[in-house]
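First chain A sits with chain B, and in the next complex the same chain sits with chain C.
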Partner chain A sequence: MNGMLFILQGVVTLMLAPLMVGLVRFFKARFQNRRGAVPWLPYVSLWSLFAKDMTITRYSSWVFRFVPFVLASIALVLAFVVPTFAYGVVPPFLSNLFLVGGLFAFGSAWLVLGGMDTASAFGNMGASREMTLAALVEPALYVSLATIAFAAGSWSLDGMLAHEAGLSWHGGALPLSFALGALLLVALTENARYPVDNPATHLELTMVHEAMVLEYSGPYLALLEYAAAVKLTVTMLFLFALALPFGLMHVGASPLAVVFWYIVRFVFASFIVAFIESVIVKMRFYRMQEYLSLALFVALAGLVLVLMQQFSF
Partner chain B sequence: MLALLYGGAFLLSGAAALAAMALARSAHQSAVTHALLILSGLFGLAASVGYCIELAHGVVRVVPVYATALFAFFVTPLSGFFLALVFLGVTLTSWYALGYLPRYHTHYTLPWLDFATSLFVLGMVGTLMAGQPFAFLIAWELMSVAAYFLIIADGSRESLTAGFRYLLMAQLGFLALLVGLLLLAGGDPFASWAAVAHAAAALPPSARLGAFLLLLVGFGSKAGLVPLHQWLPAAHPQAPSHSSALLSGVMLKVALYGFILSVGLLPAVPFSWAMLVIVLGLASAFFGVLHAVVENDAKRMLAWSSIEHMGLLFTGVGLLLALPNLPVGADAAALTAALTGFVILHALNHSLFKSGLFMATGAVVAQTHTRDLDRLGGLAQRWPLFSGAFLALALSAAALPPTGTFFGEWLLFQPLAIGFRSAAPASSLGAALVLAVVALVGGLAVFAFVKLFSVMFLGRPRSSAAEQAGEMPLLLTLPPLAAAVLVSLSGLLLFPLLAQPERVRLLGLPFASAVLPGAAMSSWGVVFALLGSAAAAAAFYRAFARRTIRITETWDCGAPLTARMQYTATGFSAPIRFFFRALVLSKKTLVVEPVVVTNPWIAKRRLSWATESFWEAGLYRPVGRAAIAISASVRRLQNGAVQFYLALVFAALVGVILFAL
Partner chain C sequence: MNIDQLCSELGLVRAESGIVEVLREELARQAEALVVKEAPLVFMYATDERARGSGFAVHAVFSVAGDGFLTLRAALPADAPAYPALTRSIMAAHWYERLMGDQFGILAEGHPDWRRLMHHENIPAGTHPLRKDFAWNTRLPHAQEPHLMHQVEGQGVYEIPVGPIHAGIIEPGHFRFNVRGERILTLEGKLFFTHKGVEKLVEGKTPEAALPFVERISGDMAVGHTLAYAQAVERAVGCAVSPRTRWLRVVWNELERFTAHIFDIGNMAGNGTGFTFMAAQGFRMLEELRRLHEALVGHRYLRGAITLGGAHDLDALAQQQLSAQLRKTERELETILDVAFRSDGLMERFETTGVLSPDAARAYGARGVGARGSGIATDLRSEHPYAAYAELPFLVVMEAAGDVAARFRVRAREAAQALALIRAALDSLPEGSAQVALVPKQGSALGWAESFRGAVIDFVQLDERGTIDRLAVSDPSFMNWPLFGELGPGNIVPDFPLCNKSLNLSYSGTDL
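And now, the complex of A and B:
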């Protein structure tokens, strides 16, 4: 049963990942008074990319050709090990918070290698920026995750969700509000969204993620875009599963409630991302240390909040 | 049997020194010396394996190697582990030297270099086997002085300056060790370690504190702890690459051994001393990695990263020392086991990947004749196998998931996170702050090594030196490759054992996952998950993708690109330099050279740029200035009047008599 749920959870994430990207774009278009494309457009564009020829620059080496596969395999692992709607199914050694953080860093490192193997200043600039962000986001990432883990008494993402699901909302998720806020700031950085990066542009002044994948085309680009979509989906769904721990799947749960709450969280997460991108501006890259220090201090404040709750009882 | 093997390893490194001198005129001198060193390393490794098997069967004993009234050498489980590191490092680097040194036979005086290398190895082995302070100090000094000759081997001005700084620091450190150990031993250098520990227990607390601080200075200066680290990135890279590998990969571990040994001699370590070690460790890790990020000299960057890793190791040791005084309750035993596992695994991993990286970088330098990262690039296309080995080592140094180093560092991160739930809010917050710093160090380490690999190997060559590099010989590829394989194996084979100390005896259980209270990790599980997903992604690609590839130019917006338009290492690390500009003092000056004397507007302008260390500007320079100012004012005593000198002598005599009374 648990094995089935484990596979189901991973497969659902893998299937719905492009939809999350499409929904975010759809909501953003509506915010900008445009009609926007249908939310399932990313499926079509991924498929057409898969059917295209590739051009590869002659200055690139085997590293450039390895990158899409490394990123895709990390995305596959993340889809299975980060819980999105079920708990008690992922082996704890696979969803350990430091392993998930390490996989994020591993993915960033390979993406940067791909950007550096293009012999173009575009890719190099994106690579340098991505590496800076990935390096400086680590303290906030680990402190906020470890705070949630400490409150939940479990060091795996799966166990955190299980703990939250067993508590009332004001007893479980509310004391974590600061830690979750810090995690949201981290998630925006990891997924190259506003205010860190503009995912909708190729303008060199603003771009981080898009600059690195500029030289990729065809199926390789499809793999990279798909990996980015999976990463966005798992981080956002995990975050919102912690914030709204209702209708989480476990043995004996009502399937209708699970599906209902999953859809609510999925749509709400896409809406929030689109909302943030529509109401704030992108920050200057050279002010990123303020943003990332803010994330760390919010995470530390989250720990203080949790400590206050623990020691007052 | 074990004593014979250990003794054989010890004697063979001495024999290598003799061979280097005896065969000085022979063409085979270097090959014979290094063959003897490899043999010594293999003897030592055989002994280590035998010792390990004994320990795994629960036989814990001290292996006596050689003992007289004057000298005593034996191997304990602690020194046995560090000896294994030395022998591993010696085997790898001497294997590499067989291919590396013949290219430099005009550059170095090989017999002397090999003589110094052999004595250096002898000194390290002697230090680790020493059974009393006397043997320890003699061997330590042999190691320190031999290292000086490795650093100045090429005789360049830069090496001599760096060597002088090193020698100064080494001798200061030696003095501190001498006084510190004699203080502990109650003045008897021939007492065994057990007797020293007994004498130390009887010391007054102030003397114990003094001895602790002296030993921290002595071992810390050798290990490159902030603020006594400034010599290290100057000195280590100047040695020939196989010696740099030994200096950075192995000698630093001997300093760590010395520190662990000496805190073991103290009856108890108060909390504040442990905090001092943690703070120094974290500061070293942070400053080391920060400079590794902004450094553009490939070998010096590796030396900075050694400071980072020694800092992490000292942090681990400091946490172990602090644990008895922390309110962690029931977690204490598990945390101790995990942190011990971290120190062991990380020391092993660091010595492997750092030796490997120094050897690999040495091979790149041998082919391109430059250490400047801004002049390299495009080498991955030419040397696929070599670049693969280098990448594996670089990712290990960055402690990213499937490498062995990640699992080692997990044993530091996870205990810190578990430390959140201690019984006092202050220590929870303390654990969170340490975790934040260690995480930042980890992130910056990824930056440093991704930068190192990508500007060396990716894109287009940034200079003709890199463009015209020839084939990479197999003899220079294999030793780094072996180091890379060994680092991966340490995660797969050693981590499951170390993470569950009670299972050490069940050697046939690789799938065991580490169970700290509430936390689990399995290196095999992670590696299989990643490999399985990679296979799935590749199969999907083969099944569905249209695989028609056209090789084209890089997209150039219509104007042709040149290699100089790529980011350099300097450009790549610019954001970090900007964000940490208060700590990495970057000095940019516009140099204007007039072309026409009469017209100031016609001039050549170029930007000269250098970084300076925070400690150099904030500590070394003011201390140096103060010392010179004080000696200048004292010099006024030397006024040439004999009567005044006689008066001074008289005053000194009176002072001594008064003091003696």
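And now, the complex of A and C:
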């Protein structure tokens, strides 16, 4: 049973990842009074990219060709180890928060190498920005996850979700809401969304993530875009599973409720990302340390509260 | 200070044509004296007069606010045309002198940056297309002339080449950034990739036949360019337009300015910062105005609104249609500007970004919003009123800060002002015909208009048959591009697109 669920959870994430990207774009279009494209357009885009030829500069090495596969593999692993609608199915050692955080960082590092490999000015500019952000985002990422881990008494994402699901609202909700708030800021940064990066821009000079993949085309670009979609989907679904821990799959859960709450969280997460990108302005790059310091301090506040609760008992 | 006073103080003698002849050795000194007397250099052009038995001539045009333009003319020999460069003391001359070097092979001696401007690397050395003995359809061999750009060396300094092909659908232009980290150290542009040769193509054409060429110098500035050109031609042949035409020209000019400011408000606040609301709403309003243009004159970019000796007339129904749409857009503009000014995130991106100092703006001869955002009150509509501007209530809009926010505010306020001017003009629109016949004959004159990008100044010279002998166009973008070298450094690279959008310059207008 658990093995089946483990596989199901990963496969569903992999299948629905492009849909989340499409839904975000769809909601954004609606916020702008546009009709927008159908939400499943990213599937078509990926398909057409896979069917295209590639243009690869001869001034590139094996690193350039290796990176899409590394990123896609990481996305594959993330889809299976990050719980999105069920708990108790991913073995704790696989969804350990340091392992997942490490996978994120590992992916960033390879993407940066891919961006730098062709020695184009934009790739290097994006790489330099990505590394700056990576250094800034890491403390906030680990402190916010550690807050939940302390409260849950488990260092695995799976255990955190199990703890959330069993939590009563008056219990430990306050410190966890701090952690979740910080985690949202972190998730937006990790996925190159507002206010850190603009995924819809055509302005090369302002890009972070897009600058690093600027030289990629065809199937390699499809792999990278798909990997980014999976990363967005798992982070947002995990975050919203923590925030709305209803209808999570476990022994005795009704399948109908699981599906219902999964759809709710999926749509709601896309809506929130689109909402944020419609009401705020992309931040000046040199404000990033303030933004991510905010995330860190909010997370620290949560951590302090959790530790105080634990030691007062 | 008027022109006569200036001339007598500086010992200049005006010929009957109003032009002051000076020796070429004296040109730089006299020009400097004029600039010191607060008559800024606004325009330089050269002419090839070898067919009439003399050599070349270089002209420098100065603006004497309230009293028109003063032109200094220096004759140059046909075999080695050269004169001491004005750029040594007048920054505003630096692109003009390089341009005349490319167009006519006139050497500005002692120019601090004597590189090509208009010609790219594939144009062979010694090509001077505006000389009369150069046929417009000459097929040039493919050359590889070196063009060095400014470089900075040092630890951690690197170069970012951007363009000429861009990710968005914009015209080609190459920008070379030297940065350390994200901070811009120097910034240099290389434009002129799509030369159209308008000045050459119109030679030998009647003014009427040349009008469509002028209309296409910069696609979104059809009224600005045709108005300056039409007024130059009318002045050259001594044609007085009807009062109704003068009022209608204010309407068309202000309608184009209004539409363009709506675009810029949406583009700066929307695309420049990623505030999608402003982009979506701004471009929606822009589209409604473009449709209005099409309904009124039959063209979305107002081609045909200005004619030689006239303007497109508006009947009562068209006036109602115009007023109704403007009322709607005005309300919506107020709403979105309110949202913009209340958005801390947006204003934070705008403020202190891309600061242009008043000194730099003045030195480079900045025009339009670029100058008025830095506290320079330059506006042809008040300095040298044309059409019916002298009879309409009008105050120059100005902001002092010189940053992107200041330019945004200038645009917002000028949009409101454009509406007021359109309404005032429609209210007092004189009866009568909106078109008089124009008979081309020999003559020459300057014509000017304040477009949404700033001053357009045209020089037109018609020969004895009444066809164009020389048309020289001074586009505001040409004057404002070099400003990026001043306002870019010190900013971070991701803020450059915002600086760029705040000036919104035309590549096509520069490379006419």
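Going forward, the second predicted complex is superposed on the first by the 299 of 313 C-alpha atoms of A that agree within 3 Å, B and C clash if a C-alpha of one lies under 4 Å from a C-alpha of the other, contacts with A are read in each partner's own complex, and residues count from 1 in each chain.
Basically, a contact is a pair of C-beta atoms (placed from the backbone, for glycine too) under 8 Å apart; a residue touches a chain by one contact, two chains touch by 3 or more.
Predicted model only: the values in this text are computed from it and were never measured.
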item	value
Which superposed partner A:Glu277 touches (first chain B, second chain C, both, neither)	second
Chain B versus chain C as contact partner of A:Leu239, first or second or both or neither	neither
First (chain B), second (chain C), both or neither touched by A:Phe285	both
When both partners are placed on the shared chain, which of chain B and chain C touches more of chain A	B
Partner chain in contact with A:Leu305 - chain B first, chain C second, else both or neither	neither
Touching partner for A:Ala17 - first (chain B), second (chain C), both, neither	neither
Partner chain in contact with A:Asp53 - chain B first, chain C second, else both or neither	first
Chain B versus chain C as contact partner of A:Ala109, first or second or both or neither	first
First (chain B), second (chain C), both or neither touched by A:Met125	both
Overlap of the chain B and chain C footprints on chain A, listed as residue numbers	121-122, 124-125, 128-129, 285-286
Contact footprint of chain B on chain A as seen in their complex	50-64, 69-70, 72-74, 76-77, 80-81, 91-94, 96-99, 102-103, 105-106, 108-109, 112-113, 116-122, 124-125, 127-129, 131-132, 134-139, 141-143, 146-147, 149-150, 153-156, 159, 214-215, 218-219, 222-223, 285-286, 288-289, 296, 300, 303-304, 307, 311
Touching residues (chain side chain A, partner chain C) in the complex	28, 31-34, 121-122, 124-125, 128-129, 194-195, 198, 200-206, 277-287
Touching residues (chain side chain B, partner chain A) in the complex	378, 380-381, 384, 387-388, 391, 395, 398-402, 406, 410, 413-414, 416-418, 420-421, 425, 428-429, 432-433, 435-437, 439-440, 442-444, 446-447, 450-451, 453-455, 457-460, 513-514, 516, 518-522, 525-526, 529-530, 533-534, 536-538, 540-541, 544-556, 561, 563, 565-567, 571-576, 578-579
In the complex with chain A, residue positions of chain C that touch it	158-162, 166-168, 181-182, 271, 273-277, 279-281, 284, 343, 345-346, 348-349, 492-497
